[in-house]
Structure formats: structure tokens, C-alpha cells
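Paired with chain B in one complex and with chain C in the other, chain A is shared by the two complexes that follow.
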Partner chain A sequence: MGDGEGACNEAAEISSGWGPLSALPGDAMMWILIISELAVFGAALAGYAVARALDPGLFSASQAHLDPFSGALNTAILLTSGVFAAGAVRQARAGVIRATRRLIGIAFLFGLAFLAVKVGEYAGHLADGYGLETNTFFTLYYLVTGFHAAHVVFGLMILALVAVFASEENVTTGCAFWHMVDLIWVLVFAVFYLS
Partner chain B sequence: MKYQSQKVAAYYFYCAMALFAAQVTFGLVLGYIYVAPNFLSELLPFNIARMIHTNALIVWLLLGFFGAAYYLIPEEAETELHSPKLAILQLVLLMVGASGAVVGYLFRVHEGREFLEQPLWVKLGIVVAALIFLYNITLTVLKGRKTAITNVLLLGLWGIALFFLFALYNPSNLTLDKMYWWYVVHIWVEGVWELVMAAILAFMMLKLTGVDREVVDKWLYSIVALALFTGLLGTGHHYYWIGTPGYWQWIGSIFSALEVAPFFAMVVFTFVMVWKGRREHPNKAALLWSLGCSTLAFFGAGVWGFMHTLAPINYYTHGTQVTAAHGHLAFYGAYVCLNLAIITYAMPHLKNRTPYNQVLNMAAFWLMSGGMAFMTFTLTFAGVVQTHLQRVNGEYFMDVQDQLALFFWMRFGSGVAVVLGVLIFLYAVLVPRKEVVTPGMKTETVPAE
Partner chain C sequence: MPHGAIRKRPLLLIWAVLMALSALGAFGAWLADGETLRLAGLGAIALVTLFKARLILADYLELSRAPGWLAGFTVAIFLLLAMIFALIALVPAP
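Here is the complex of A and B:
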């Protein structure tokens, strides 16, 4: 293909195949996943906004049971993890495998710390009698933070995988997912703990 | 036709089309029962006719998928089918099961679980046929070239068989019964069937537009990712009112709202391929069916599905004619058009001649699709009125049905149009004109790999 000169640019665009996704770092399939995840969490947070507008009293009363300090701590942990992941990408680009793996390892440990804090929070809520079906606020709280925590687990698996197969492409792709997990947490934290 | 064993596809397509004719005939009878409720009430009660209408639909669509697989897998894998004889045996098993089920239904022999009414022996027969099929196509793919299209098609077809196994499990707890029932019904049409759809559409685009395989593959994988990402947890939109915990309302609403994405991606895919494609394929009718497939699936499954998928809306519309409107256009767009597209594409090859009766075939497309669109609109209006009278005002079901008579008459009329369209299609495909020899038209357009 690409024999006609007039259509040369267009043809080049077709043969790269991914269209607008070609310009993004890492594997384009990862960006399709990232966009899908953002859509799902976006829809969930929009649903939260509507449910809250319908019953503001219940939501602020329930929200008072969350501990903003734990939320803030987890935000700091995950963002710090993200810094190390970004460092790993830089090292991978420079071709330094050892440093890449070390930085991914540190990012991984921060991810585990996030899960530890989150599990501690859940245990506290459950001990106080606030479960998945207590009310709409807690249903959404457990679903959204639980779904996010599942992504942290999945993200850790991806980090482990790209630490083993530490090509530049793989590390960039894996860290793109990990940064999405940060990004979503920042939004979840603001909406559930602060607003 | 590049491989002799592709020929078996033709037998599948013939059986599929015969059942298609039966399906719409029973549909017409049902449409008439809606306006004249005592019609055939002793001989063929509504529930029995409905069983045949829905079962025939599902079986002929599956036969079409099997035929499509037998047609396109040898071509993609670049090798003869592992065993054409097994393919014939599988078809015989399926047809014996299907006719046995229909005859049984007429004598009131059925298991009464909507869409899965087939007696146990038929279900087991289906499982055996599915195993034969999977064995046959998997071995064919394994010995030949593996492409994205064969990978996705195999994944979808394996999924169809695996999820059908839940049809054999019927717990006495009604909530669990319904939960597993949806594993078959939902995960078929909003999960694994979508993979089959994407794979067949990808094959059609490759052949009809001449776009590079590399580009088609990327679209295919993206669409499949979107379909599974949204469709699997989207099952939750059936778990709102069956006795499952309330959080399913959130899971179902959020994920199923996004189920429109893969259907939209398929519309963009097919149209972009046709625009960018640099080759004129002589089979215009197959192209029309392919574009109609993605477009009407987007409206029927995507838009009409979204219309009542959010839990607070579904609370009012559940089980009204809105559902019937969605069901008709979604099945028609996604799977009927898909099968008619591959049949329209493959039949000239299977008969070893240039595309024939194209204008008639395209007229059938417009008549059938126009009829189905009109049916969707009338049922949607009926459903909205029904929702208001019955669910908001609290009037009795049958009183409301009486007030919907005008819509049901119009639906019957649109049903007549659809059946006429089907008859024209069958004539166009099954009764080729005498061959008109046009030099240079006989060779198939070779896609740029």
C-alpha cells in the first residue's frame, strides 16, 4: 500500500494503524484500557454526585465516619509510588535495567503499603457496623474504593511483570496503568473523603 | 471459494435460512395474536408460538455462525477444514435436535425456562454438537495460519459453548436460577456473540474494502476489549429486581451504560474501513448488509439498550414493550444482519460465480430494515405509554394492553413488511439468475495483506 503520493500522509497514518493513539507512550491497547477505566470511574463518580444531591443529609452524616487522615496518607503513598514509577520509566529509556527494576520495586512496596492502609480502614468500618449494604453512601464507598483497590492489586501484578520483562516499551506501558491508578485515587479521595 | 471444504458452509446457510423463514412466520402469528388474542388459542397458544419464535431465532443465528466459521476459517487458516464429514454430522445433530424441540413444543413438551425450554436430550445434543464443532475448527486453526480473526472467532465460539453449560444447571432457588440463566442469555448476546460479530465483520471488511490486515486487527482487538470490559459486568443490569443485593443496581447501571462503546466502535470501524478502502468489491449487497449490521446494532443494542439500562429508569420500564422494542432491533441489527451479510458474501463464492441478484438483495435489506425500524418505533411508543399507564398510574395490565391496540396493529403491519423482505432475500440468495458473463468480474478482490 501507500503507492499514491497524494495520499501519502493518510496512508502512513493508516499503516501505523492506531490513529490518534499512535502518539501516546507505550502500547496503544493500554490506552484503550485506561480510557475505559476513566469512563467507568467517571460514571461511578457522576452517579455518586446524583445520589448525593438527592440525599445530602445522609451522605454528609455517613461521610463523617471516614477518616480523612487515612485517605490523605494513602494519597501521599500512591503519589510517591508514582514518582518512583516515573523514575523507572526514565531509567528504562536510558537502558539501565538494574535501576529500572529497583525503582519499580520501590513503587511496588508503596503500592503494598496503600493496600495495608486500605484494609485497615475497611476493618475499622466493618467493626463499627458499616457494611456494603448499610446505605447508598457506603454501597458506593465500598464499590468504588474496592474496585479501585482491585486495580491496585492488578497494577502491582503488572509492575511485577514489567520488572521481569523490563523493556522500555513494557515499563512505559505498565507505568501508564500505574499512573492511572494514582489519578483515579486522587479523584476518589477528593469526592469521598473531602467534599 | 479457495478450499473445497468451505462447501459445508452452504448446508449450514440453507438450514439457517429455512429456520429464519420459520422464525419470522411464527413472529407474524404472534403479532396477530396481539391484536386478535383468540387466534389459534387452542392449537398454538401464545407461549408455545413465542418459544418457537425465539428458539428458531437463536438456532438459526448459531447455524449461521457455524456456517460462517466453516467458510472463513479455512480461508484465514489457509488450509482445508479438519473434517467436513464431522461438520455434516454436527449439522444433522443440530437439525434433529431443533426439529425435535419444535415438535415437542407443539405437544407441550418443554422445560419452561425462557429461551432454554429445550428438553434435556436436546440440550445434551447441543453440547455434543458444540464439542464436535470446536474440535473441528480448533484443529483446523492449529494446523494452519493463526490470525487475529481466527483467534477472536475461536474465543467467541468457545465462550458460546462454555456458557451454554449453565443451561444445564437449574437451582431451585429462583434468584440463583435467574442469575445463572443470565450467564447463558446475557453473556451470549452481550459478550461472546459480540466477539463472533466483531470477527466476522473484520473478515468482511478485510475482503470487501481491501484495507490492510494490520489495521483491521487493531480495530478487532480494541472492539473485543471494549465488549468484554463492559459486557461481562454489564450482566448486572439483569440483577436489579431478581432478589440479588442492591449494589448490583450500581454495578449494572455503570457497566451496561458503557456497553454502547463497542457497538459505536464497530460503526466507526466499518465506515472508516469503507472510506479508507481503496478497492471496489463487486458484492455491493454484502457491503450494505455489513454497514447495516454495525449501524442497526449500534441503535438497537447500544442506544435502545441504554434507554432503559439505568436502574432508576428500569424500575419503571422493566418488562414493558420497551424491552420488546430493544430486543427486536438489537437481535436484528447485531446478529440477523451479520448472518445475512456473510451469507450474501459467501453464497456467490460457494456457487463459484459472480455476485448475483444484488438489486433484489439490497431491496430486501431496505424492506426488512425499514420494517424492523418501524416495528421498533411502534413498540417503543407502546412501551412508553404502557409504562405510564401501568407503572405510574397503576392501571391493570390487560386494561393497558387494550389501550395499546393501535400500536400493536402497526406492529403487525411492520411485521408483514419484514416477512416480505425475508421472502425477497431468500429468493435473491437461493434463486440465482442465469449467469451473465462479464469479463474481468469473476476474480475475487484480493485484500492487501
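Here is the complex of A and C:
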């Protein structure tokens, strides 16, 4: 009986625990995704820094063609979107579904605004003749910011989904993805636009 | 998921601080554009970015509930930014 009970307890611990990940708020699988995405973007940004060190003149001249105002505007847009998403999580936790949905909706609209600014920026670069194959800087610029924009699109789909199925767990998990997109942009903006 | 101690700061305050840090980052970029204060400007951009990342992690992503993880993420981002900005500082454009 003692052995059987011990085995049962051990099995329960194994099936219910995420080890160190259990300390994280929300869904552990989302955190695995967040860590993976940060690693991927971190490697891309480190690669950018190495490529820049190999040809600083080209990178500096190319970087001068970026519009820091658009980048700063998009930073403000995503940070503002993030505060509404964080508010939605707090409302979901309080069980106020209508306010949760309204805040997710506002966060969603700011996400759309981010994409509109980004598309405008890309259109401007392309009109000026700076495309994916212009040089190494623009290749990395389009790849990293384009990959990030794809995450924004995916994040918007997740926000729409959790606005419909607005349980506390869903909203927390969906908004965590949105904050990851925000966090990655802060790093991308600093490296590509400010440095 | 078990939740640790909750430290809820007003979201509007967090947002205002993030916006102010963004303005400081733009000032750092302006400094980094010149010759004399280039290194100070780059340092300011890196530091401001680290603080912004930490605020997003602690308050938007609620990692203030898991201080060990918050410290781990902060150290990882610090190392990444240190590597990137050290390379940019060491190899200036001609």
C-alpha cells in the first residue's frame, strides 16, 4: 500500500509539474515559445552586429536611409498596445469579460497601426530603390523586421482569438505572446534605428 | 501554475516610464551621431533598452512574480546588448 501510494504521488508530481517553468505566470508552453523566439532574434541581432563590424561604412551609410521617426512611432504604438493588453489580463483575472474584450480590441487596433506604419516604411524604401538584395544591411533589415512583422500578424490573430474565447488563461497566454512581440521590437529598434 | 507574490504597479505609470525611456533613447541616438559623445550615446541607448526590456518583462509579462526568471532574462538581454553595442562602439564607421 505504502509503495503504491508513493508511486501514485510521484506520478502525480511528474504529470502536474513543469519544474522551474512552474514559477512562470501563465502557460509554460508559451514561455518555451518566448524563450525560443528571444534566442532566434538574439542570434539575428548578434549576427547583424558582426556583419556591421565587418563593413561599418556600408552599414552606417545604409542605416542613414532608415526613418528614425517611423521606428520611434512604431515603438510608441507597440508600447501603448502593450499597456492595453496588460490591462486586459488584469480585467480577465477580475472576471470582467466585457472590459477584457474592449481592451484587447484597442490593443489589436494599435497592432494594425504598427503594421500600417511598417508597410508605409517598406513602400518608401522600395520606391527609393532599397530592396532585399541592395546590400547586406538591407537584407538583414528586411529579414529581421519582416520576421518581426510576421509575428505581429500572428499576434493579432491570437488577440482576436482570445477576445472571443476570453477565459483568464487564454487572455494571459495570448497577451504574453503580444508582449513578447513588443519586447523583441524594443531590441530591434535599438539596434537597427538608434545605434 | 502557482503564482508568487503579486507586485502590481499602475500600468499607466509603467507606460509613462517606457515612453520617457524611449525619448531618452532618442536623445542617446542624437549623442551617438556626433564624434565627441558617441560612446556615451551608445551606452545610453543600450542602458535605456535594457531598462525598457526589464519593465516589459517585470510588469507587462508579470515576471515580477518570478524574480529568479526575471533576473535570468535580464542577464541574458544585458549580455546580448553588451555584445552588440561593444562591437558597434569598437568598430566605428570610417
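Everything below uses one rule, namely that the second predicted complex is superposed on the first by the 180 of 195 C-alpha atoms of A that agree within 3 Å, B and C clash if a C-alpha of one lies under 4 Å from a C-alpha of the other, contacts with A are read in each partner's own complex, and residues count from 1 in each chain.
Keep this in mind: contacts are C-beta pairs under 8 Å (C-beta built on N, C-alpha and C of every residue); 3 or more make two chains touch, one makes a residue touch a chain.
All values derive from a computational prediction rather than experimental measurement.
Asks: Given the touch rule stated above, what does A:153 touch, chain B (first), chain C (second), both, or neither?
Replies: So A:153 meets neither chain B nor chain C here.
Asks: Return first, second, both or neither, reflecting whether A:140 touches chain B, chain C, both chains, or no partner chain.
Replies: first
Asks: Considering only the touch criterion stated at the top, classify A:44 as touching first (chain B), second (chain C), both, or neither.
Replies: first
Asks: A:82 in the overlay: touching chain B, chain C, both, or neither? Say first, second, both or neither.
Replies: A:82 sits against chain C, while chain B stays out of touch.
Asks: May I ask you to decide whether A:28 touches chain B, chain C, both, or neither, giving the answer as first, second, both or neither?
Replies: both
Asks: State whether chain B or chain C is in contact with more residues of chain A in the superposed arrangement.
Replies: C
Asks: Pick one for A:56: touches chain B only (first), chain C only (second), both, or neither.
Replies: Only chain C is touched by A:56; chain B is not.
Asks: Based on the A-chain superposition described above, do chain B and chain C contact any of the same residues on chain A, and if so which?
Replies: 18, 28
Asks: Mind pulling up the chain B residues that touch chain A in the complex?
Replies: It is residues 211-212, 214-215, 217-218, 221-222, 225-226, 229-230, 245-247, 250-251, 253-255, 257-258, 261, 276, 278, 448 of chain B that touch chain A.
Asks: Over in the complex, which chain A residues touch chain C? Could you list them?
Replies: On the chain A side, the touching residues are 18, 20, 22-28, 34, 38, 42, 45-46, 48-50, 52-53, 56-57, 59-61, 68, 72, 75-76, 79-80, 82-83, 85-87, 89-90, 176, 179-180, 182-183, 186-187, 190-191, 193-195.
Asks: Using the touch definition up top, name the residues of chain A that touch chain B in the complex.
Replies: 1, 10, 14-15, 17-18, 28-29, 32-33, 36, 39-40, 43-44, 47, 132-133, 139-140, 142-143
Asks: Per the contact definition, I'd like the list of chain C residues that touch chain A in the complex.
Replies: Where chain C meets chain A, its residues are 1-4, 8, 11-12, 14-15, 18-19, 22, 25-26, 28-29, 32, 42, 45-46, 48-49, 52-53, 56-57, 59-63, 65-66, 68-69, 73, 76-77, 80-81, 83-85, 87-88, 90-94.
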